[in-house]
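Labels run A, B, C, D, E and F following the written order; every chain starts at residue 1.
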Amino acid sequence: MFQTVALSGSRGERQLFSDVSVTVKPGTLLAVVGENGSGKTSFLRMLCGLLSPDGGAILWQGKDIRQLKELYSAQLTYVGHLNGIKDELTPVENLTVSASLAGDESSGAIVQKALEAVGLVRPVHRLPTRVLSQGQKRRVSLARLWLSTRPLWLLDEPFASLDAAATSYLTQRLHAHLNNGGMVVVATHQEIAIPTDSIQHLRLTR
Amino acid sequence: MQWGSLAEFFAMGGYGLYVWPSFGVTALCMGGEVFAVWRRHAAAAGSRDES
Amino acid sequence: MSGTGINWFKYSSPQALYPLAGRMIPWFAALALGLIGVGLYVGFFVAPTDVTQGDAYRIIFVHVPAAWMSMFLYVIMAIWAGLGLGLNARPSFMMAQAIAPTGAMFTFLALFTGSMWGKPTWGAWWVWDARLTSELILLFQYIGIILLRSSIDDLRRADRASAVLALVGVINVPIIYFSVRWWNTLHQGASVSITAAPTMAGTMVTAMLVMMFGFWMYSIAVTLARMRCVIVERERHPSWGKQASMPDAVEAR
Amino acid sequence: MSQPSMSEALRGVIRRDLLLAMRHRSDVAMSVFFVVIVASLFPLGVGPESAVLRVIASGVLWVTALLACLLSLGRLFTADYLDGVLEQTLLIPQPLAVLVVGKVFSHWVISGLPVVLLSPLLGLQFGLSGDSLWVLTLSLLLGTPTLSMIGAIGAALTLGLRGSGLLVALLVLPLFIPVLIFGAGAVTNSLAGIGSEANLSLLGACFLFSFAFAPWATAVALRIALE
Amino acid sequence: MSQPSMSEALRGVIRRDLLLAMRHRSDVAMSVFFVVIVASLFPLGVGPESAVLRVIASGVLWVTALLACLLSLGRLFTADYLDGVLEQTLLIPQPLAVLVVGKVFSHWVISGLPVVLLSPLLGLQFGLSGDSLWVLTLSLLLGTPTLSMIGAIGAALTLGLRGSGLLVALLVLPLFIPVLIFGAGAVTNSLAGIGSEANLSLLGACFLFSFAFAPWATAVALRIALE
Amino acid sequence: MFQTVALSGSRGERQLFSDVSVTVKPGTLLAVVGENGSGKTSFLRMLCGLLSPDGGAILWQGKDIRQLKELYSAQLTYVGHLNGIKDELTPVENLTVSASLAGDESSGAIVQKALEAVGLVRPVHRLPTRVLSQGQKRRVSLARLWLSTRPLWLLDEPFASLDAAATSYLTQRLHAHLNNGGMVVVATHQEIAIPTDSIQHLRLTR
């Protein structure tokens, strides 16, 4: 179980949100919505432990993540605004390295299956990522989710620049993760096709 | 007091050209710093009052 | 990292500090003026002319205090920076920020007065002597810290990044001093050395010490004054937080 | 729960960086050429007298090594920062200082090692001989890792700042100076027939010292930069 | 149809770059301090004897100027390339070569001019005096714009390539060599009491030549890089 | 009038599209759609003259744009994947500089109005763009359209990472431009709320 308690955060001189208390139970998804600049990205980075809150706390299984440190990092997979992939490496290399750094399985076959799952065809697997289109790069980045065995996923606008096919692959993957008892936090401008009983919304305002 | 006259004092035994710039620049720097801090405070406090 | 029980430091302290500093400044300023005045009097009118160096030696009355303050202030700045990082205390960062320019200025003055002294005694404005070189590098370190801070406009990051640099630098200062000294002495015999200063008359030492204390008081006064600027500026640009206004700040002005 | 061991994570970081360097093998070649070219500029600027050249050899070669390190510092974290890989690195469940050691090691392999391997050749160009050549190489071998280590602090502190190429130079060069002095001093001493052991052990001490503190300071600086 | 005049566009480009530099005024300060620090490194490596220092002074200062130019070349186009401003610049309805002149000019103001202004002071540190000091300054004033101009070609050619910091150094340094030789030669000659007019006029010729060709070559290289 | 004649293009070894002939009449919008990696971005950059075609030609008012050169550049406004704004400058400065470089009016009042038109509030106008959120940066980039008097607009995924409000501002602006006799080419994954008689679709396939 994953909780924020009276969390408040600011960037520069702006108070972005205050007193946010939400609980994400296993098998549920928290959709963080709000206008441009309302603080969704900042909220997610705070949940990762990359940004420190002004007040309040973030609890993983009841313990403060500031105490857990690396133990907490080992529980989550974060896909940010930025893709976190190396332009010069091929999709296969990118995925292999990041899976092995995360401690996930990274054999060739598994990586290949993950890339196919996001709809990248074979010839693309061996191109340098630099020449791929915006949407293809995003797909490579998201393919990590097909390798991840971590319970908590934090996703920042995963659907941006995806086409319809890729959007539906991703939705299915989220669904499967939730059915496995996983937890997901997504910042998004789009509707997510997930049953309403397993989704809750957090609306940030400006 | 070893200075016979004002001129002697300024000559500094022939080293006036080195002694006085040293003291002068020191005074200038310290005075300038005080002035700069004073200006900075005035600017900061002034704009705070109007806002 | 933040927000764990030290809120007193974070929020109330600057407000208390502002008027406190305001009350302290006049005393230190007066002390500084008095000491420097006495020092100058003794230095120019009581201390005798030096046998070997003539009156050029009188530069010592600004040179040595400036050189001394330049090193002393660096250490103090690093201590504040370390405290800031350790306790996550904003006032400490602000002190460190307030000290840096004064330190850099004294470093520059030590260099300037030193080379003013060098020309008549050594015949050159600049030689690559150990002490001179390490003073020059100290200036670079000050400048690095000031520039790093001014290139970052997020205050929180600026504070902490320059604190890390100050701490790393303070380890470097003694290493530099000894390395440079060794480098030089191995190369050439001590053809130039400033430690070989003639044994000074008592009044000379007195004047120098009085000037030193004067500079010290000056540094405290001007640092506190700059600290007040920093407090006001941060309140105006309140990336430092949404805090109440400072009523006593206006009155103390 | 899946979690990589510390050595696994370390190897992973090193592997990625070296893979990137090997992708364009020219990257490593570049450090080499940079050093060769800069070292050759001096005889052009200073003039060809061999007596003068021998005297300035150690200084010039050390300054060159130092600049090669400096120029490649930009690569250390900036690319990772811009493409989001650094963010992901911070989330690897291992102490950040350890991962930093991995990155610094790859940096040294790419920018420092080539200089070390080249130094005997360059030393010859400047008229060094026999013993001094070895001392030069050994001093570079001991000194360049320290440069990478210290440089990492500067690179992390200036991450994402404008004009950080020059800023990092400003922050880092004063910290490099002891290494420069001991390193160049070792060669000069050996030229003068004085033993250079003292200088070399000081270089070793600098390395151990920086190995103990620099990764930790770099980790702190990285966290600050990514806030 | 709305269309800026050539001088308007030129001014616009210069204005943005100088605005960016002034945003952090420390940027310009940085070039200044970089030069001072690098120039001070050499005595630390070479040793403090003033006879040796005077001989190598012109070489060292010229190499320093060259490095300052080189290190800041990264700023010339890379940032614009990454954030898409360069793409937009290519779409400005004016000859690209003219806009390039604007960018090179701002680059020189930020990286070259400070070196020129500082050179008398640095010359003093190395024991130069009187006449040679002035020749040094003059040679730098004539030579540094050429460096920026040539550097721009290299920066454009390597745009978006990995490790381009070093690659650009490789491409550009050989082209810098004539400037270095004439520039350092001017000072050396004046130290030796030979007139330095010949060298200075050669520097002037280099400038005119690069002014005629470099912006055009840079424009071509930019178009290729953005394909 | 704006035309492509038997245009074909490739990246690396891949043929992206061939024999594309479309005509964009004043007052109409061409929506380029297709999966990720189908070549939309490449097509748009070709229309700008940034990329050279493998075959075929692009005609502006019947003349080949390779002949027109700067005269053609003076007719178009391009908003790419990349925002083309300087992170260190404020939105106001960014817009002022780019408008004056484009030869558009760039007085303070006009720039301010453009920024307000994309929904950026006053305090944001004076922050360095670097600290803005993804969507706010995109809005700054799009604000150029409120200053542009050029007839041809080429927009690459302008709606990516925009929220609902910003999407509707932009749609209205496109509408107004078309009503003025302007021409628009948009690469997008989203539906655009524009009357069907003034829109045509070009579907690229992989």
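Simple rule for what comes next: a residue touches a chain if its C-beta (ideal position, glycine included) is under 8 Å from a C-beta of that chain, and two chains touch if they have at least 3 such contacts.
None of the values given here were measured: they were computed from a predicted structure.
> Can you list every chain that touches chain C and also touches chain E?
D
> Which chains are shared contacts of chain B and chain C?
none
> Per the definition of touch at the top, where is the C-beta contact count highest among chain pairs?
Pair with the most C-beta pairs in contact: D-E.
> So chain A and chain F: same face meeting same face, with over half the numbers shared, or different?
same
> Could you grab the centroid distance between chain B and chain F? Build each centroid from C-alpha atoms only and quote it in angstrom.
That gives a centre separation of 60 Å.
> Could you state the distance in Å from the CA-based centre of chain E to that of chain F?
Inter-chain centre distance comes to 36 Å.
> Determine the centre-to-centre distance between chain A and chain F, using the mean Cα coordinates as centres, and give it in whole Å.
30
> Go ahead and note the Å separation of the Cα centroids belonging to chain B and chain D.
Averaging C-alpha atoms per chain gives centres 44 Å apart.
> Could you check chain D for residues that touch two or more other chains and list them?
20, 23-24, 82, 162-163, 167, 170, 173-174, 177, 181, 188, 227
> Could you say which residues in chain B touch two or more other chains, in rising order?
none
> Mind pulling the chain A residues that touch 2 or more other chains?
Within chain A, residues 12, 52, 81, 88 contact more than one other chain.
> Considering the complex alone, what residue numbers of chain C touch chain D?
The contact residues of chain C facing chain D are 85, 137, 140-141, 143-144, 147-148, 151-152, 154, 156-157, 160-161, 164-165, 167-169, 171-172, 175-176, 179-180, 182-183, 186-187.
> Where on chain B is chain C touching in the complex?
Residue positions touching the partner: 1-3, 9, 12-15, 18-19, 21-23, 25-26, 29-30, 33-34, 37-38, 40-41, 44-45, 47-49, 51.
> Which residues of chain D touch chain C in their complex?
These residues of chain D touch chain C: 153, 157-158, 161-164, 167, 170-171, 173-175, 177-178, 181-182, 185, 188-189, 194, 202, 206, 213, 217, 220-221, 224-225, 227.
> Under the touch definition given earlier, write down the residues of chain C that touch chain B in their complex.
On the chain C side, the touching residues are 44-46, 48-49, 54-56, 58-59, 62-63, 66, 101-102, 105, 108-109, 112-113, 116-117, 119-120, 218, 222, 225-226, 228-229, 232-233, 235-236, 249-250, 253.
> For chain F, which residues count as touching chain A in their complex?
Contact set of chain F toward chain A: 11-12, 34-41, 81, 119, 124, 127, 131-136, 138-139, 157, 160-166, 189.
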